[in-house]
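Paired with chain B in one complex and with chain C in the other, chain A is shared by the two complexes that follow.
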Partner chain A sequence: MDVLLIHLLNSLLYASVLFLIAGGLSLIYGVMRIVNLAHGNLYAFGAYVTAWAVGSVAAGASVPVWLVLLPAGALAAAMLGAILEPTLLRPFYRRAEEYQLLCTFGLLMILEDVLRFIWGPYPLSASTLFESFGSLSVGESIYPTYNFLVIGVGAAAAVFLWAFIYRTKFGVVLRATSQNMRMAAALGVNVNRVYIQAFTLGCFMAGLGGAIIVPSQSAVLGMGVDALVLAFIVVVIGGLGSLEGALVGALIVGFVREAGITWFAEIELAVLYLIAALVLLVRPAGLFGRP
Partner chain B sequence: MSVPAPAPRPAAPNSRPLRIAVPIAVLLALVPLVLPPYSAILLAYGLVMAIGALGFNLLLGYTGLLSFGHSAYFGVGAYAVALMVKYLKITSMELFLVGAVVASVLITALFGVVCVRYTRIFFGILTLALSQVLWSLAFKFFWVTGGTDGLRVPTPSLFGGLVTGAGDKIAFMSHAYYYYVLIMFCACVALMWVIVNSPFGMALQAIRDNETRAEFVGVRIWRYRWVAFLVSGVFTGLAGALWVPLNGLTTPDIMHWTFSGEIVFMTVLGGFRSFAGPIIGAVVFNYLKTYAVGYTVYWQLLLGAVLVALVLSLPTGIVGTASRLVARFQGRS
Partner chain C sequence: MPAATLELDRINTFRGPAQILREVSLRVADGEAICLVGRNGAGKTTTIDSIMGLLPVRSGRVAFRDRDITRLPTHERALLGIGYAPEDCGIFPDLSVEENFQITSWLASARATARRGLDERVFSVFPEVKDFMTRRGLHLSGGQKKMVAITRAMSLVPSILLLDEPFEGLAPVVVTRFIEAVRAIKAMGISVLIAESHLANATRVADRLYAIDRGEIIFQGHPRDVFANEDVMRTIRG
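Coming up: the complex of A and B.
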C-alpha cells in the first residue's frame, strides 16, 4: 500500500513539472500557432539560473533566502522569452510552418550552447535546498518533503492558469486571439502585444518547471531536449493548444512513466510514444484538442 | 499545402541535366586521385548524406510534407547493416544494401500508413514521435544494439568480394569505398530524377500545390503520399547503410530526432525547392559541421546561428539564391 502511495506521489511529481513545460508549449501553440522546438531549452535555462542562484551565488544563505531565489529561473526564462519573440519569431508568422520550425530548431542549437558557454559542461546542482527540507514518513516509507512543494507548485500553477485564462479580461483577449487572430485584431486587440504576453507566459511556465525541479535533480546539458520530447507526448495526447489537455496528458505521462520505470524500464519511452501515436490515430487533434 | 513561393517547374526531359551532371560526376571521380585521402573520405560522407537528403526532399520539396523523423530510416539502414554483421557475420556490401532496403521498406511502409493520414504540423510531430520509439529501443535494448556504445561494423567487401578492405583502411575508404559511394550516389540521383519527372512525381507536386484539385483530377492522395513516404524512407535508409562502414560504428545518436533536424537543415541550406538543393546542401553542411566542430566546442551555436540567418534572409537556400543571382546577371547583360 505504502509503495503504491510512493508511486502515486512520484507520478504527481513528474506530472507537475511536465504540466508546467507542456502547458507553456500548448499555450504558445494555442495563441500563436507556433510549435517552439526551443521550449525545452527555456525549461533548462530556468533550471540553470535557479541552480546557479541557489547553489552558487547564495550557497551560504539560509532556506528562506533560497526559497525567495527559487523563482529566479522562471523570471529569467520569461525575460528571455520576451526578448526572443519580437526579434526572432515575429518575422515568421506570415510564412510557412516549415520556416517557423526551422527557426526554433536553430534557436534550440543556439540556446544549448549558450548554456554550455555560461555555466560550463558540468552539472549544476542546488541540492542543499532539497536536503534542508528533510523527509516525511509516509506509512512505513519516507518521502522527501521537497517533492510535496513541487507537486503543490504544479497544482497551484494549474489553478492560477485556469483562473487567469477563464476569469480575467486578459484571458478573454487571449482566447479571442487564439480562436480568430484577424477578427480579434479587427476588434481592436493589439495582437503583437498579446503574442509577446502569451510567449512570455509560456516561457515563464517552462522556466518555473525547471526552477522547482532543479533542487531535487541537477541541471545538466541536454535536459531541455529530453524534456521537449516528453512535452510533445503530453501535448499530442492532450491536444495541441489545450491547457486541460496538457494537464490530463501530463498526468497520463506521469503515471505511465512511473509505472514504466518500475515494471517495464526497457520499453518505458517506447510505450509513451506508442500511446501518443495511438491517441493521434483515434483522435487526431488529441483528447481535448480542437479538430 | 499552400506555399506562396512559386515552384520552379522541372524542365522537360532534354539533354541539359545530363550536360551539367556528367562533368560534375567526372570531377567527383577525380577527387581521390588529386586530393589527399582525408578530403575524399570527407566528401564521401557528404555524398552519403546527399542521398539521404535527396530522399527526404521527395517528401518536403515535392510532396509538401515536413518529416521530423527521417533519422529513424537512416538509423534503420545503419542498424540493419550492424545487426547483419553481428548475427549473420555477413561482410558483403551488396547484401548489406539489400538488407537495409528490405528493413527500411518494412519500417517505412508501417510508419507511412500511420503518418500520411496527417499533414502539416501533425505529420511532423507524428514522424518525430515514431522515430523516437526506434531511438528509445536502440538506446534501451543494449544487449541487441549495444546501447550508447553502439555496434561496430568492420570494413566490408565490395562487388561480391572482388574488392576487400584487407590492408590499409584509409586507402580503402578514400579510394575503393569512395568510388562505391560515388556509383551509388550517381545511381540514386538518376533514379530520383526519373521519379520526380515521372507522372508519379508530377502527381506528388499536384498534391503539394493543391490537394483538393489533385483529388478532383483523380489522384489518390493517400496512396501517392504513402508511396512517396516509402521511397523517401528507403533512400534515407540506403544512405544509412552506406554511412555505417564509413563511420565504422553506429550509435543511437543517428536515430535521435535532433539528427532529423540536421537532415532538414541541410535540405533547407541547399534549397528544398530545387532538385539539386538537398545534394548541395548536404555536401556543404557536411563541410560546415566538420569545420565548425573542429574549430570550436560551441559548434552548435555557430550552426544554429547559420540556420536562423538562413531562414531569415535566404529562404530559397544556396541553389535558389544562386539561380536568382544568375538570372539577375543574365537579365542585365
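Coming up: the complex of A and C.
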C-alpha cells in the first residue's frame, strides 16, 4: 500500500511539472496559434536561473532566502518571453506556419547555446534546498518533503490559471482573442498587448516548471528538448490549445511514466508515444481539443 | 452640409496581389444612414474592412471626424467610436452573451460620461437580448447573433456603426424588425453605414445610397434616383 502511495505521489510530482510546461505551451498556441518549439528551453532557462541563484549566488544563505529566490527562474523566463514575442515572433504571424516553426526551432537551438555560453557545459545544482527540506514518513517508507511543495505548486498553478482565465476580465479578453482575433481588435482589444501577455504568461509557466524541479534534479543541457518532447505528448493527448487537456494529459503521462519506470522501463517512452498515436487516430484534436 | 463622421478619399485596397477597391470615395455625415449596395464580391466587405483597419489601405485616406485614421490600428479605431458588426456577426462562440458584452463595456468604461444610461439606450434597440445573456455564443440562432452583434457594437458608444449585411439570412418579418432597429439607432444620432446586397432593403433604410461594382463606386445619390438609372440597376441586379 505504501509503495502504491509513493508511486501515486511520484506520478503527481511528474504531472505537476509537465502541466506547467505543457500548460504554457498550450496557452500560447490557444491564444496565438503558434507552436512554440523554443518552449522547452524556456523551461531549461528557468531551471538554470534558479539553480544559479540558489546554488551559486546565495549558496550560503538560509532556506527562506532560497524559497524567495526559487521563482527567479520563472520571472527570468517570463522576461525573456516578453522580449522574444515582439522582436522575433511577431514578424512571422502573417507568414505560413512553416516560418513560425523554423523561427521557434532556431530559437530552441540558440537558447541551448546561450545556456552553454552563460553557465558552461556542466550541470548546475540547487540540491541544498531539496536536502534542507528533509523527508517525511509515508507509512513505512520515506518521501522527500520538497516533492510535496512541487505537487502543491502544480496544483496551485492549475487552480490559479483556471480562475485567471475563466473568472477575470483579462481571461475573457484572452479567450475572445483566441477565438476571433480580428473581431476582438474591432471591439477595441489591443491584440498585440494580449499576445505579449499570453506569451509572457506561457513562458512564466515553463520557467516555473524548471525553477520548481531544479532543486531535486540538476539543470543540464538538453533538458529543454527532453521536456519539449514530453510536453508535446501531453498536448497531443489533451488537445493543443486546451488547458484542461494539458492538465489531464499531464496526469495521464505522469501516471503512465511512473508505471512504466516501475514495470516496463525499457518501453516506457514507447508506451507514451503509443498512447499519443492512439489518441491521434481516435480523436485527432486530442481529448479536450476542438476539431 | 452636415459635418462628416466618416470620409473615404480615393482609397485603393488589395487582398493579396488582387486589387479589390479602386479609388473608392464615400462620405457619411453626422446622423446619416448610408447604404453601400452591390453584388457579392463587388467590394462592400473590403470597404468595411478598410474602414476598420482590418485590411491595410494601399493608398488614399480614411478620415473619422476630420482625423486621418488611415494608418491607425483597428482597436484604436474602435475606441475612437467606430462600431462594427460583421457579416458573420463575429460572436465569440465559447463566451456567454454577457461576456461578449463585457469586453466592450470594460473598454468603453473609461468614458464614464458617455456610459451614463448607456445600458438602457443599448438594449432599447433589441431588448430581447437581455433574455439570453447567459447563453453561449455557440448556441444562438442566426437572428439572435445579429442582434447581439449590433447591440455589442452599440455598447462601445460609437459615433458610427458599420453593419455588414445585417439583413442577410433573415425572414422578411425579421428584416422589418431590423430596419426599425437601424432607424432607432439613427434616431439616437449615431451614423450608420450598411453594406447590403438587396436594393429593396437598402432603399427602406438609407438616406443616401452608394452603389459599388468591381471595386468602384458607380452611383451615389438618393434611393429614389437609383431606380431611374438603368445601367446601375442592371449592374446591381446582375
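As a convention for this text, the second predicted complex is superposed on the first by the 291 of 291 C-alpha atoms of A that agree within 3 Å, B and C clash if a C-alpha of one lies under 4 Å from a C-alpha of the other, contacts with A are read in each partner's own complex, and residues count from 1 in each chain.
Just so it is clear, contacts are C-beta pairs under 8 Å (C-beta built on N, C-alpha and C of every residue); 3 or more make two chains touch, one makes a residue touch a chain.
All values derive from a computational prediction rather than experimental measurement.
In the superposed model, A:Asp113 makes contact with chain B only, not with chain C. The partner of chain A that touches more of its residues, comparing chain B with chain C, is B. Contacts of A:Arg182 after superposition on the shared chain: chain C is touched, whereas chain B is not. In the superposition on chain A, A:Glu131 makes contact with neither chain B nor chain C. When the shared chain is aligned, chain C comes close enough to touch A:Val191, but chain B does not.
Contacts of A:Asp2 after superposition on the shared chain: neither chain B nor chain C is touched. In the superposition on the C-alpha atoms of chain A, no part of chain A is touched by chain B in one complex and by chain C in the other. Across the interface of their complex, chain B is touched by residues 35, 37, 88, 91-92, 95-99, 101-103, 105-114, 116-117, 225, 229, 232-233, 236, 240, 265-270, 273-274, 276-277, 280-281, 284 of chain A.
On the chain B side of its complex with chain A, the touching residues are 1, 3-4, 60, 66, 68, 114, 117-118, 120-122, 124-126, 128-130, 132-133, 136-137, 139-141, 257-258, 261, 264-265, 268, 272, 297-301, 303-308, 311-312, 315. Chain contact summary for the complex, chain C toward chain A: residues 52, 54, 73-75, 78-79, 84, 86, 90, 92-95, 99-100, 102-104, 106-108, 152-153, 156. Partner chain C is touched in their complex by these residues of chain A: 169, 172-173, 175-176, 179-180, 182-191.
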